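By written order: A, B, C, D, E and F. Residues from 1 in each chain.
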Amino acid sequence: MKPRPSGRTGDQLRPVRITRKFTRHAEGSVLVEFGDTRVLCTASVEETVPGFLRNSGSGWVTAEYGMLPRATHTRARREAATGKQGGRTLEIQRLIGRALRAVVDLKALGERTITIDCDVLQADGGTRTASITGGYVALVDAVNTLIQKRVLRESPIHGQVAAVSVGIWAGVPVLDLDYVEDSDAETDMNVVMNNGGGFIEVQGTAEGHAFRREELDALLNLAANGIGQLLAKQMEALNED
Amino acid sequence: MKPRPSGRTGDQLRPVRITRKFTRHAEGSVLVEFGDTRVLCTASVEETVPGFLRNSGSGWVTAEYGMLPRATHTRARREAATGKQGGRTLEIQRLIGRALRAVVDLKALGERTITIDCDVLQADGGTRTASITGGYVALVDAVNTLIQKRVLRESPIHGQVAAVSVGIWAGVPVLDLDYVEDSDAETDMNVVMNNGGGFIEVQGTAEGHAFRREELDALLNLAANGIGQLLAKQMEALNED
Amino acid sequence: MKPRPSGRTGDQLRPVRITRKFTRHAEGSVLVEFGDTRVLCTASVEETVPGFLRNSGSGWVTAEYGMLPRATHTRARREAATGKQGGRTLEIQRLIGRALRAVVDLKALGERTITIDCDVLQADGGTRTASITGGYVALVDAVNTLIQKRVLRESPIHGQVAAVSVGIWAGVPVLDLDYVEDSDAETDMNVVMNNGGGFIEVQGTAEGHAFRREELDALLNLAANGIGQLLAKQMEALNED
Amino acid sequence: MKPRPSGRTGDQLRPVRITRKFTRHAEGSVLVEFGDTRVLCTASVEETVPGFLRNSGSGWVTAEYGMLPRATHTRARREAATGKQGGRTLEIQRLIGRALRAVVDLKALGERTITIDCDVLQADGGTRTASITGGYVALVDAVNTLIQKRVLRESPIHGQVAAVSVGIWAGVPVLDLDYVEDSDAETDMNVVMNNGGGFIEVQGTAEGHAFRREELDALLNLAANGIGQLLAKQMEALNED
Amino acid sequence: MKPRPSGRTGDQLRPVRITRKFTRHAEGSVLVEFGDTRVLCTASVEETVPGFLRNSGSGWVTAEYGMLPRATHTRARREAATGKQGGRTLEIQRLIGRALRAVVDLKALGERTITIDCDVLQADGGTRTASITGGYVALVDAVNTLIQKRVLRESPIHGQVAAVSVGIWAGVPVLDLDYVEDSDAETDMNVVMNNGGGFIEVQGTAEGHAFRREELDALLNLAANGIGQLLAKQMEALNED
Amino acid sequence: MKPRPSGRTGDQLRPVRITRKFTRHAEGSVLVEFGDTRVLCTASVEETVPGFLRNSGSGWVTAEYGMLPRATHTRARREAATGKQGGRTLEIQRLIGRALRAVVDLKALGERTITIDCDVLQADGGTRTASITGGYVALVDAVNTLIQKRVLRESPIHGQVAAVSVGIWAGVPVLDLDYVEDSDAETDMNVVMNNGGGFIEVQGTAEGHAFRREELDALLNLAANGIGQLLAKQMEALNED
């Protein structure tokens, strides 16, 4: 079995760091690091909802995602200059939004919106799973701010959510792929789960050749295990201070 | 167990119809119907490739997706008038493109592009899976045109691909959801497989509550079964005339 | 006199087919065929009006036009992907809208909008005249739906409208040009008339050389004759079922 | 018979003024005035052609049209700020371009482009016909510059072109409608003719009710007469200096 | 000392002409000429304010700037066709707006907007300073219209404002650079001042090499002198009629 | 004299920190902090130049600027989602680019582009001056990378550049305004200077009332002093490691 470029075992996460209050203005502001992947997740509360929810009594949780132009090996064009967000960006921010909404009671949130902005400062694979994992912590901080300000009496968040990537690399299932592995993987899967062991989202894509049911099973096991660790990291970060 | 609105059993596809040569100009032109969902899939050959493949010797297969404004219950704004394709559209056309590329040897195609345009004339759930299933047939027809014109000596298509949606509806796993079921499903999964029983893409999303591993397993079984039938329908259509 | 490529006489229309209820969701849905030109015209009713008519008591009838990318001999770029509707598209949809509004009492329609979407599935010349001719039938069906639902007591449509192209081809005036003739015509004219023999719109363009008054007169005669037949086809379609 | 607001007879043009060399940089620069309508038409020569003409040996003549935001009674949004040219703008500039190309031998022009920019400084009806009439003079001046610079040996312009509007106002045909008449006209027609008495373009639209063949005939007669006067005005301006 | 291309002395303005009522519809309409630079400045009053001022009791003064495509030596692309205003355009119109707001009491204006459109008909350097200088006169005319209509009782304009460019050309400070000088200047500065001798805006840019404090001082002296003359020209124009 | 909110003396900078190698992929990557203002400046080298420099032998230095949506007190709309960069953004990035080009010999750089991306992670006033000051350091690092890779033999950078804001606050001139002071300043000026004491750019704007010559003089003195300190901070950072 070929060793992973990073020297990790197949079921090993990269070092995970979750730094709260990374910036000062947002109601929640978290720098999440999965190894060299670094994403700044801020949660902003606005006392308004999108048109389709107006006068519904229901709130909204949504996400936006961006990469700084030189977060990657070669400079990518700035989407603001291009004049539109690419398909990959839209796909990722839709995923982050769905994942976080899965643990929020939007009625209990009331007619307000929490926007999670996930901006990648440095990319090394797994930016979307890091965004979900860090975005959850920012969301909790923002909700706690609302509770402290007595805007809300109790938290509308009814579960915990985290995400990790898994893939078949050099013929074997591995957890939390970095950029080098990701570029080379035969299969790539992003898994989002809650703290009850339920699946929120499973997105698997064959890159090289189609994957078989037993490979899928092995990947899901790896993911469940990794997500367990990420959920613990989130709790640890939230218990600080 | 609550009966499905359409009266189908849980593992029953809607009537599937694949009409080739539906329009006259395209190298491949297929109307695919999954019940009341009707998608026109055309395959167009162009003797050029995107910039990143120029002088690479490799060809490209890509897809574009659109819905006629009144394909749905209420009129949606025309994306050409809005000035951009929405996130859902981009996500779907990226999925269709990936699924079809999974069965094509792009080197063997040579430096040319085949674009699969999937335009939904009438929507009743499952438009992306119908697009992949019908798009494959249009792709085969386009490639056969190239062979007949002696542009290619043999087909660069090395497998067959089809897709179906599955979901948990009213607590039980069901195959090929129509719009009414889809709006109401607790979990929604799109599965793309090849004729070797391998997975090309698995995209599952919890709508109501998170889904459990055994539910996931049941859904994958249903999907595999449905896709088997769709692959047969494709062959049947391709064997005509 | 050079024979027309299609073998038609100079004053002969292509076979015209008008299929109502072609799709299921729209209040009016018509597939109109002028020979190989096939346009899907749907009429959608919305209980709202554009800003300039709000609180005016008056309704609105408008049209949007699009071509599927491979409706033509070579694939055209999808306008939704390009990010804007071209000048030709805007010009055509403005024409269709004006033509249909010419037979509707907008006050009697009440503050609601009927949008006629004309999407060309296959193009072989005359897509705008086919759109007007088929769009009228879809409009009537939509209005009848409003009457059946008792939203309206009587029809605000006070006339019938149809359109045809005429041109000077190989030196002689011909009716209803197909693509081959159109590409080659010296003069091209689109004529829209009502059932009272009045002109709604006359748009003549010299392609090769300027046209003379007597040529214009001959073209208008041809057009009036062709439109008479189209008005009869519309009535025939509307009298079915 | 109701008198025209301007006191003109039905077949009377507004005072027409054509001022050449209105600005200094363009190869042709003409201020054209039809009464209070004032349009600045510049002709710019560029030694390049659009993609579809590259290496064809053929040149191109095209037009762009714009209105200063406060050319009209109420301020219109600046199209550059809105981010796109409206349908009316595109329609008009396509018309101007077609009209001018009708009198130019594009092969004889050689692979270069002449762009006629028509910017309305003040609008009072008839901006498109003034643009064509003044644009022609700017085009001639630009071509003469090319001849003086010995880029061309002889003029590729083989005819003269002018345009006027006519309409049915208060029940009678009138020539060269100003804004007040135009807003109120039952039928509105723009006619473009060459100096051989041939029609380049005829665009008639029923505003209030459909127009009859004899009305159309009367309008065309009026237009032919008016255009004769405009052609003379153009020659007069070109003969100055 | 090298003579200026125009033969002017270093502290000499170009001939300045301010023509009021240049067009007819706008509440203020001024053609301002600084030598061969000609800008049409119109002031339009609208009884509405931008969102951020709604119900604030305060009005707004803003500016938009544009260049006709052939105002310059070579044709520039029309911003309406390009689909956006360039950075230079936005920068200039923001400057004009700030400069004019500096002399208006927005509360006293009441909840209405005055938009100053500055459209360059012919460019020869100094278009932004001409726009401010002419825009002020158009603004005064628009306010006087409001007073005449008894919409306002007294003028909310509490000062006079004008602008001029200065620069280091061929080693010496010069006033009011034309295009030839501007292209060649080592330092370029735009200065906006009021009639109390106060600075509203100072924008100096080193083109060739950095400029020294004593050069800056000399430029400011030149500018103050030139602006004094421009303020007098404005009063002269406003005192006519 | 009213004390500054931060307790600083009038001529005191905020604590300045310049952290090199903040991210890993860019040729230069600097986090610059002026108190609570934090900007990530990356310098990216690309072996290509904009069209207007192709085959000129000359290189290019340019800048792009962005703010993360929640860098500020309230969330701003993401420019990538809005579809365009606002006027303020364009103005700032043009300023940064000009300032840095002022110390680079573009011929000596050779036909390559260095892009300085300045992304504001947290804003507290002075983001443009921090961007220039930090961007310079990133630029030096990128150039040194080119020298180490033997792409360049010697540095094309011939000077040092830094920037600071100054303003009249509570009636007195102060250095390096933070957000609270900036919102409240009567005059706001950004000054860019090189290490020879020359001015690269001076941009002063009266906010409340016009500023007098002696105030301008005082502000320029303050700025020169502050920039001296910033130039020293840059050298200190560059001398590390």
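Throughout what follows, a contact is a pair of C-beta atoms (placed from the backbone, for glycine too) under 8 Å apart; a residue touches a chain by one contact, two chains touch by 3 or more.
As the structure is a prediction and not an experimental result, all values here were calculated from the model.
Trainee: Where the contacts of chain C and chain F overlap, which chains show up?
Mentor: Both-contact set = empty.
Trainee: Tell me which of A-F, E-F or B-C has the interface of C-D again, with more than half the contact pairs shared?
Mentor: Match found for C-D within A-F, E-F or B-C: E-F.
Trainee: Provide the C-alpha centroid distance between chain D and chain E, rounded to the nearest whole angstrom.
Mentor: 33
Trainee: Could you please state the distance in Å, as a whole number, between where the Cα atoms of chain A are centred and where those of chain B are centred?
Mentor: 28
Trainee: Provide the list of chain C residues touching at least two other chains, using ranges where the numbers run on.
Mentor: 83-84
Trainee: Pick one for the touching-chains graph, please: line, ring, star, complete, other.
Mentor: Contact map by chain: ring.
Trainee: Output the ring sequence of chains, start chain A, direction chain F.
Mentor: Traced from chain A through chain F, the chains around the ring are A, F, E, D, C, B.
Trainee: In their shared complex, at which residues does chain E touch chain F?
Mentor: 84, 86-88, 90-91, 93-94, 98, 102, 159, 189, 193-194, 196-206, 209-213, 216, 220
Trainee: Under the touch definition given earlier, write down the residues of chain B that touch chain C in their complex.
Mentor: Within the complex, chain B touches chain C at residues 23-26, 29, 36, 38, 40, 42, 44, 46, 64, 66, 68-75, 78-85, 89, 115, 117, 119, 121-123.
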